[in-house]
Amino acid sequence: MSVLDSKIPEGSLKDKWTNHKNKIDLVNPANKRNIDIIVVGTGLAGGSAAASLAEMGYNVKTFCYQDSPRRAHSIAAQGGINAAKNYQNDGDSVYRLFYDTVKGGDYRSREANVHRLAEVSGNIIDQCVAQGVPFGRDYGGLLDNRSFGGVLVSRTFYAKGQTGQQLLLGAYSALNRQIAKGKVTMYNRHEMVELVKVDGKARGIIARNLETGELERHSAHAVVIASGGYGNVFFLSTNAMGSNATAAWKIHKKGAYFANPCYTQIHPTCIPRSGDHQSKLTLMSESLRNDGRIWVPKNLEDVLAIREGRLKPTDLQEEQRDYYLERKYPAFGNLVPRDVASRAAKERCDSGFGVNETGEAVYLDFSTAIKRYGKQEAAIARMENPNEEDILNLGEAVIEAKYGNLFQMYEKIVAENPYKTPMMIYPAVHYTMGGVWVDYNLMTSIEGCYCIGEANFSDHGANRLGASALMQGLADGYFVLPYTIGDYLSNEIRTGKISTETPEFEEAEKDVSERIEKLMNIKGTKSVDYFHKLLGKAMWEYVGMSRNEEGLKKAMSEIKQIRTNFWNDVRIPGDKNSLNSELVKAGRVADFLELGELFAKDALYRNESCGGHFREESVEEDGLQKGEAKRNDTDYAYVAAWEYTGEPSDAVMHKEELEFNDIELKQRSYK
Amino acid sequence: MDLTLKVWRQKNREDKGGLETYKVTGISENSSFLEMLDVMNEHLIMEGTEPVAFDHDCREGICGSCSLYINGEAHGPDRKVTTCQLHMRMFEDGETIYVEPWRSASMPVVKDLIVDRSSFERIQQSGGFVSVNTSGNTQDANALPIPKMNADKAFDVAACIGCGACVATCKNSSAMLFVAAKVSQFAYLPQGQLERKQRVLNMVEQMDKEGFGNCTNTGACEVECPKSISIEYIAKMNREYLSASITSEN
Amino acid sequence: MSTKLSSSSVGRKVLMALSGFFLLFFLAQHFVINLFSVVSEDTFNEVSHFMGTNSLVQFVLQPVLLFGVLFHLGMGMYLESKNRAARPIKYALDKPSENSNWMSRNMLITGIMIMLFLGLHFYDFWLPEIKDKFIDGKWDDPTKYFPHLQHKFQDLTRVIIYCISFVFLGLHLSHGFQSAFQSAGFNHNKYTPLIKKLGTLYAILIPVGFVIIALFHYFTQL
């Protein structure tokens, strides 16, 4: 048997979670008061977990690097959150949500986890509404839904284009209530820089106060990592500037296995890069694909004319446009899952059809929808023979009501009016499905150390469907971890207060302080960003949307080289005992430089195409699916959990075989 | 574009601080204001000077981290944007640009352009929530229909990103728009009714404790608010407060 | 309740608004009475006499008015000092005109100008009246009001000072009128546009009216 024990409960799929909850050990209320829990990260997962654990009676310490928990990057999620409520009466059910999520993840996720996720999805909406989250509603006062890519039902709840913000503010308000009660102690502008283990169990962390540079010891009976994904390993991504993998990577180095790092989601609808000054990429919600049609010109001459500004996209007639998603995938059209849409855009641009100066952009066009809505509205208003302009105005008003903030954001960034001319979009790194390996209880391979939200690997397999990330973050934080953590903590009731004056804390703090000292003393010639950009370039080139053996090997050696150079030549001005943004960045980039290599290694070992991971060696050779990604279930239906052994290239892989009892493994077809 | 920047530098909370002048060259007008600062910082690092510290994170106008007073206006001359969404095309080549931190006694400077906004945190903790515990059995979400107009209004105010531009721009450094946004959000929703009175009383009390100034209805905050939250909600908060202070039990 | 109203920021703001409403009302009333001086000497005297001798007006409303004026001034100054303390370090470059109008930002200046004017106004009309009644004990001369008024407006300097003061009054009112509604919690897209229009109208008509009255008496006596 593998060293990995996923602890999936016995019983039929739909009873597993219920049975597990019924049998799980509980901690009595009096004992909870004597138990401390550390939560690192205050996004949807961390914020909701911290609030819920504190409500239950545990003493919680929460850490975030921002100046407020409300600024965690969950806030930027736009589109929505899935839940199997079937409010639209379109045949949705827990099973369908489960099925869509497993299928969307290209059959690389753990069945039991995903089913649990689907089961609690409805509770999340109930909980959030009770907190006062202002979801979009219809005129009857009931909750409204959207449809999202890759599914055939409308199950996505939303708050305009700011769903993540509203959900996070809900969790933040719950957290605030506990802070006010003294049940949560909040540490803003603090970064976890080391995990402290005592006798093999997670017993605390070393945190750095980012304002004063002070190193602090914090002890607890359990440590929860909710620090988000590692998309910033690509330098340019839709993640926040500060999003980092440090907490996750530190626990990995202390013994937590890192699973499937190569599963990255490249989101199809982002604003294209405009130049080298670019610091990050901005997402345009996937919900736009409900109404936007994606196209490039049919003829290369038109492409050139557009790039040189001789031709405007609106000048091209319908027959001169190639709506390539509708052409290739007639069943799902513009609503194919993200991985498929992204690769299709890349394919068109690689073939020379990219429509902006960099050749990396396709159009997302709303004119059809504007006209359609306009006619509808005119009919509702009983206008007789409305003219073209009235129809456009009415249609634009509908689009504005649905996506106003996104259109405004686009216009501010690109300085073009997307109501009048099609948006330009291009795929960008957005989400990482891989992450710290956890068992069914969300515990990592370190006892007492948990990992939730995007930081773990558990629910999305090789590709995440739209509006599933918010669902998973809140499911983990509100409805899973608060129960499962009791199973471990019930054995901790006799432990008593954990001292930070022990050799283990001493040593951990010393390690951190030496590492910082080392970074400060390099006094090299290049900035942290210089190395980060190099890493990003190597990642995007070789470990981006499409990967092959040669490129991946090259990536591994290049990243190693960048890492060596970094440790010899990075320059960090200022001092370590004050607010030093460069030092903070350096610590994070140092970790990315290791993670990137493991990422490439994982991609190298997975010689199949699945979800966000596309290996050029593994494509369908013929038939209807010719050229599409080819999955290999015989050899690769496993989770690759990597054990740290010193160098990322020496990491040892442990396989957790994935068993599918309730779902038939099928070729994903969106044709 | 070539620009002259006058940037506030301050080592730490105790330092007196002052404006420093820096030149930046070759800036693309398509870059954002923060990307322009990145370029400036890159140069400073190469010169061996400590780069200018400023708060920023999502860089897409939603996290509320960035907080710069640019050329005499919160988040700069553009409207309905945060600093990260402000683009250099709003400026002239050769222009001199002042970059200062938010100024308020309740938001002291931590370093350079970074301020301490924990006063906002304490206000939220004093009542910006509905007291409902996590449980899998709150009532079904649709068991509580909410008129679309109320839901939309609640959303409009809930859109506040807590950046502090209202305080920074108000001549009195008043935080009333910020507090009004949260008070109003819950006042419009049925979920917020039970604690409605206590919420507004507590939040206003905490706001006063933090030392923010009073509102004189200049309306500057709603103009500079990146999320266009209207002072209509300050009036609503005043109403809520008045009725709560008259009718509440304590 | 009372403690919260007088000790909290929102409460004080509401009190400012309430005293403002009261002063707005008083001002309108004062204006109407003055208007009689243009139309008819007798009516003016009659109304003035009523106001000057009615016990309710003299012993209830007058103290209330006095208190209202002083309260409005005192609270305004106090709030302004607190507001200034809320920003101890000013911006090196600030462009408040980009987002608000001058009147709204300078209520203290216009307010103080009005107060200075009130000093003169009290010296001109109120003190003589008090002297008449309470020192000289003369309560019953129903014809003295109009001549007294006329006498005051023979002096060009005084007329000019009055006129300038009314400009400040107008500026103060142009923000104060609608601001009082906002502070008291009245803001709704149905009626607020109307309030704003009324405010502008009030801020123009009343001061201009006073100016016309002053000029009328000056020119009719040339």
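Letters A, B and C name the chains as they come in the text, with residue numbers starting at 1 for each one.
Definition applied: contacts are C-beta pairs under 8 Å (C-beta built on N, C-alpha and C of every residue); 3 or more make two chains touch, one makes a residue touch a chain.
What you see is a predicted model; the values in this text were computed from it and never measured.
Chain-to-chain contact here is organised linearly: an open path runs through the chains from one end to the other. Centrality by C-alpha centroid: the chain sitting nearest the overall protein C-alpha mean is B. With each centre defined as the average position of its C-alpha atoms, the distance from chain B to chain C rounds to 37 Å.
Taking each chain's centre as the average of its CA atoms, chain A and chain C sit 62 Å apart. Centroids built from CA atoms put chain B at 26 Å from chain A.
For chain B in complex with chain C, the touching residues are 6, 8, 19, 69, 71-73, 77, 98, 100, 103-106, 169, 171-174, 176, 201, 204-205, 207-208, 211-220, 223-224, 231-232, 234-239, 241-242, 245-246.
For chain C in complex with chain B, the touching residues are 1, 4-5, 8-14, 79, 82-96, 98-101, 104-105, 107, 175, 178-179, 181-189, 192.
Residues of chain B touching chain A in their complex: 11-12, 27-28, 30-32, 34-36, 38-39, 42, 44-46, 48-51, 53, 55-65, 78, 80-81, 85, 87, 89, 110-111, 114, 116-118, 120-121, 124-126, 128-142, 144-148, 151-152, 154-155, 158-159, 161-162, 185-186, 189, 191-192.
Touching chain B in their complex are the following residues of chain A: 48, 51-52, 55, 66-68, 70-73, 75-76, 85, 87, 120, 123, 125-143, 159-160, 162, 165-166, 169, 172-174, 176-177, 179-180, 186, 188, 211, 238, 240-242, 274-275, 277-280, 282-283, 408-409, 412-413, 415, 478-479, 482, 527, 529, 571, 573-574, 578-582.
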